[in-house]
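Below is one structure; the comments refer to it alone.
Labels run A, B, C, D and E following the written order; every chain starts at residue 1.
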């Protein structure tokens, strides 16, 4: 026993302390508790892992029965294998860094204790997700992180857009959970257990042709679940809105950890997936589509966090693509490297926003390189990593994925390469807009924004929101302050973690993670390494950077011309392909309208209650007819009684009943 | 003598009853009813029911009817006016039905208890003294007696509650 | 006079004690009611030991003749199925007293007396093993609830209480007819005896008759549950009822229906139950989805919670008609869960109502700023209600859906949609009422939760976490009893292969 | 034939004596009150006003019979008749003495010995209400109506404690027949204490309370002071008989006094042992003789020294009559009749005197006090008494 | 004692009872005053009492007497409550006419 339960317990304790007493604690104590518990958890992970390495087989600890009903027996059971170990390190490691960062970023906020309580709770659930040794415990973490995501997105609950975004995240995730839970039921039916090892063992033994239908259904449902959590098309809509949350949250939850849970889950279920080729194909296609669409949207956005959000979606699509082509190891590798650089990007963006006094629109930035050099330096590391500049971490994982994809399907490969180039382009675009050129802080008037930023639009116009956020934030510095004061560098607690992550982003790829993960994943077919693939991939990344440099540094007037030329297509992409609007139009509005006018007013109040009341009215009608006998006049009643008496007696008398 | 008394008081009883239902004025009706009750008391005596006869006078005539009279006087009820609307059925059917009832009942009584089967002689009465009644009342009919006492108690409470001034 | 009988007698005595309380002491009625109901609750904990030791067999059994002819017996007993429901009732009653503390200002002692009378009725319903006795208690529960809604309710209370009364009455007369018919067949009202006779075939029912009897019972229970489309009394009753009335109605009285189905419909008429499981499950699923959708568009909080009850109880019915251990366990567990979480929801909504005197969602907003603790409790309850893991409803929903999936996977698909929708309506309501900027009147009226209210809700919140994690406190006994129920449920009359073929 | 004849003779005798006595009761009342108030009272007509009742009667009979125009004629006429007949019926069941043998005819000194005698008396007094109530109502006069209402309410109310008080001795004597009631008291405890109701061991204390209750109830039942609210002059003029004059007024008057006499006789029988003397047999015979002779002697003595001239003739004459009466108590046949009669009349007369005495002494009740007194004090007291006696009877047995 | 007079048949009592009862019934129907109607009920009760006593004579027991007794007691209770109700009705509606007291219908 390695007391694995202590790992999630530390953050839980932090949550309880901050949640119950945080209101009365000083900020320093809150920070200490929050950061301390997570760091303790990280240390405990290190200690545990060092004890149980090399982990050729999973290390399992069973604590108690949770649910026991008939043959369904679900224990509280934690397990660590190599997959888990990687996730544990990522979660606790990056989690610790982001906690540290957040103490700086959130220093001025109201609800400081609340934020850290939620964040600790998130750590608890995320660790439960990672550690749980059966699907239901994974589901606990799965739903739990969803909850924390909901809470943290809606952290600025005074803002309608924030709470709406929270709701959206939770509900879209619920749709995914719908699939996930159905998949679980099928797993129980098929394998009579939810414990990973047992399921995988049985699944591995199932002949492909025997239960392929079942496996396909299970995997497709799992895919729905994973798509929900990992923001894959068509359930990606919540993630951009989730940027309403504080930036550390975006970094931790919506970039580094939670959103990769879908990938983690897919890799966990790899054995089952391998039995369902159709589902694998579906995973790959979903991943590819997501990657492309999100990347193209990313090119058009102005809000720095939105850009990174779409980037995240796109990168997640990459991971799914990898998983879909059977490259689970590279997928996980990308999870890790992505965690590094995307967390860094978000934290860096957070530092930028911090230094810009909560301005997020890149058109208001520019030339920040001079004001916040440390931030720029660290962000540049993430930039080159995500762009796939050779020998950075992102390059390794990306090339691994592209290699696997090529062997699966060249068409997919070329699309993926194109996407890689687009990725490099939009990241570079945001970097150039932010750090290069002249500072445009006062140049762009607020009125220049698009006028359809309506509060009640359920937040699909991020642009408008950025402005409102700026105006509405309860703690906000005065509106003009952003323009009057110059951007300033973030404090050490903020750029410290950035530095660590920057280092990891650069060197994080030298560790051959797929190889490390081999014992934990089903054996994948090894394909020959082809050098030209790497060259093409690297070239795509660099080309993207170059194009961006041309458009945004060398010829700043070019984007506008291009935009004008593209016209409708640009608008479509800029509006994120109008997926939100389509959902509203096809699902949300009919559902609410139909519920209100048909199900409630029509069916419930009209038909059913109408029938009930109709029964009552009918009875009343019949009673109304019978009522004329009941005159209410007692003498008439008496006369009737007399009539009855005479009649009865006469009958008895004549009939001889009385003798 | 029996026959004479019976004829006399039965006649008075029926006459009073007729007067009672024909009089428009409730006081007259009440007095006529007292007459019926008094005559009935005599008839009870003729049947040997001495205790019941006395009870009839004390309870019915002496208490219940006084209560009636008291209420009539309290409400100062006058003769019945012609009401604005009245029960057509009652007005049209009351008498014929009543006569029919008398006829049918008489017929039935004639048939079930022929006149020559039992004759009543005052001296022949076998039971009816207060001792007899008391003995039966407190042995065989104890439970009904107690129940009746509860009923009376409830009636007292009910009457008090109903007639109480709203506070 | 064993403990169970005491638990029926004591609330009854308390009822009379409160009724006979002199007018001058009616201010003390709530203290007396609280003390008595707490004492009853503590006593009811004494039920745990013997039943947990042997959940499948009846404990605390008393089987005495009550009326010689017809042979009606005072036959009460407790097993794992009814144990927790009884304890839920005794547990909620003191909380209901607490929640009504300042809310009820006129006819105080009658109010608490009726609460205790309700407790008599529900405990009697859960404990009765004689069909006639069951019916008596079943109807007895109507009376206090009728008055609770009719006297202390809101504006349209007369309509609501009449609707409630007539609706449930309409069902229960059917049940009475069926009970009497069973009596004419078997010569007894004693449920175990009838069950034995039917199971052993000594009294054989034709499938047609069995179906009729089954539906006579089932409709009575379904109205109480309430199963779609027999549910329309519930929103009205809830909206008009005082808080404690809503709590007792939702948390305990609705369970009488599902309990009745599990206890009587299945073991007595297993054939018909299996035969008609399909349509009934369809109704349950429609109830789940339609209830959730309609809840989503309600402008009134209580109505929303009421429709959510329709949705949640659809799960319970679905679980029961899965005819497997998981489904039935989940159903019973979900009964308790729903009692706890919806009870808490009604309490919290009631607290809001006490402050703002409105149930419309749109007259709130930004409550989180002025009453963070209230909001936190509400949020936890909301999360429990939408089935978040580690909170109670999740366990029930998981087991029910698992059971339904085993019985027929399509059922699980349909029902799982309800899980999505539950998040929609609850969170949307939470957002509209609690989040956002605080309007002036809300800031003026809505105050933080006070100690008494906290004491009333906190046990429920603790229980939510407890029931979500330490399920082994409850599940083994429930499973034990359900196993017997399933064993007693006979196979279907007609081959309806596709139901069980998965 | 014998039966009817004897009954007729007794009827005639009782009627004559009773009616005369009623008339003279009025005279006695006036005289006694006068003396209480230190006046002389009627003394113009006849010696000591002894002929006053006669003249009063003649006056009332010959006065014009006024018939007010606004009255309900039928009830106006019938009310006094009802009243007086109900009052007079009562005397028929009251015995005046034991069984006697006159000229070989054995008979009771009583008009009729019913086994429900007490109930008949109660019934008669109950029916008496009608007269009053109807009179009040038929007069069509608000004073009369109020008087009638008061009378009936009061009589109904006080009938309850009265009946209960009657029931108490009935429990002890175990009979409803007047004669048997008296027989039950006709013995001497320890040889010298008469077993009268109020002395009878072990019921004496309760019966004494019952006696008091009975007396109070009797006062109310007869509408006498202090319970004369129905005819309170200063409030209601004269109450129910405001509109009555001449013989009809006399009828009410007579009914009131007849009721008084009846109720005093009843009290005597129930509580004071009827004709049972105060002393055991040999002494009891001499007491009346001695009393009569002594008073006769006193009259003669006073007659010899008259204060006014007339007394010189009348007093000796009365003295001789009294001595004669006294001696009659020793005559063989008469003795059996007169001695019990004497004891009975003495007790009843004492009670009547009490009536008059009270009238001369006490003020009137207020109406609410009157009702409260009946329902809140008398009724529970009589009930308690009844329970106590019933308990003793059941405990000791009879 | 005088010689026994010619006897009255029991039937005669019963017929008197029947006549009185019917008269009561007629009265209940044709009279309009609630109090009078109430009195008619009393008359009917009395008529029945006569039957009871008559039959009791026939059987030589006191059972009929006791029924009569109970009827009387109940009638007393009924009169008390009934008259109280009439008083209340009069107070509220200011009428004693049965035809005007028909709000039961509304």
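We adopt the following convention: contacts are C-beta pairs under 8 Å (C-beta built on N, C-alpha and C of every residue); 3 or more make two chains touch, one makes a residue touch a chain.
Quick caveat: nothing in here was measured; it's all calculated off a predicted structure.
Trace the shortest sequence of touching chains from chain A to chain B and report its length in steps.
So the least number of steps between the two chains is 1.
Apart from chain C, how do the chains cluster through contacts, with nothing moved?
In the absence of chain C, as far as touching goes, the chains form one piece.
More C-beta pairs touching across which pair, B-E or A-C?
Taking the two pairs in turn, the one with more contacts turns out to be B-E.
What chain lies farthest away from chain D once each centre is taken as the mean of the Cα atoms?
Taking each chain's C-alpha mean as its centre, the farthest from chain D is A.
Kindly work out which chain lies most centrally, taking the average of its C-alpha atoms as its position.
C
Relative to chain B, which chain has the most distant C-alpha mean position?
Computed centres place A farthest from chain B.
Centroid from C-alpha atoms only, then distance chain B to chain C, rounded to Å. What do you get?
Centres of chain B and chain C (C-alpha means) sit 59 Å apart.
Distance from the CA centroid of chain A to that of chain C, rounded to the nearest Å?
Each chain's C-alpha centroid was found; their separation is 36 Å.
Can you work out the whole-Å distance between the CA centroids of chain B and chain D?
Chain centres of chain B and chain D, defined by C-alpha means, are spaced 32 Å apart.
Averaged over CA atoms, how far is the centre of chain A from the centre of chain D? Could you give it in whole Å?
So the centre of chain A lies 111 Å away from the centre of chain D.
Multi-chain contacts in chain E: which residues touch at least two other chains?
In chain E, 2, 25, 29-30, 32, 99 touch at least two other chains.
Write out the stretch or stretches of chain B touching chain E in their complex.
Spelled out, the residues of chain B in touch with chain E are 1-4, 6, 10, 13-14, 17-18, 20-21, 26, 29-30, 33, 36-37, 40, 43-44, 46-49, 51-52, 55-56, 59-60, 63-65, 67-68, 71-72, 74-75, 77, 80-81, 83-87, 90-91, 93-95, 97-99, 101-102, 105-106, 109-110, 113-121, 123, 125-128, 132-133, 136-137, 141, 144-145, 148, 151-152, 154-156, 158-160, 162-163.
Which residues of chain E touch chain B in the complex?
Checking each residue of chain E against chain B gives 2, 4-16, 18-27, 29-33, 35-36, 38-40, 42-43, 46, 49-50, 53-54, 56-58, 60-63, 65-66, 68-70, 72-81, 83-88, 90, 96-97, 99-100.
Which residues of chain A touch chain C in their complex?
Going through chain A, the ones touching chain C are 23, 64-72, 136, 139-140, 143-144, 147, 150, 154, 157-160, 163-164, 166-167, 170-171, 174-175, 177-178, 181-182, 184-186, 188-189, 591-592, 594-596, 599-600, 603-605, 608-609, 612, 616.
Which stretch or stretches of chain A touch chain B in the complex?
Touching chain B: residues 631, 633, 635-636, 638-640, 642-643, 645-646, 649-650, 652-653, 658-659 of chain A.
Can you name the residues of chain B that touch chain A in the complex?
Residues 86-87, 89-90, 93-94, 97-98, 100-101, 104-105, 107-108, 111-112.
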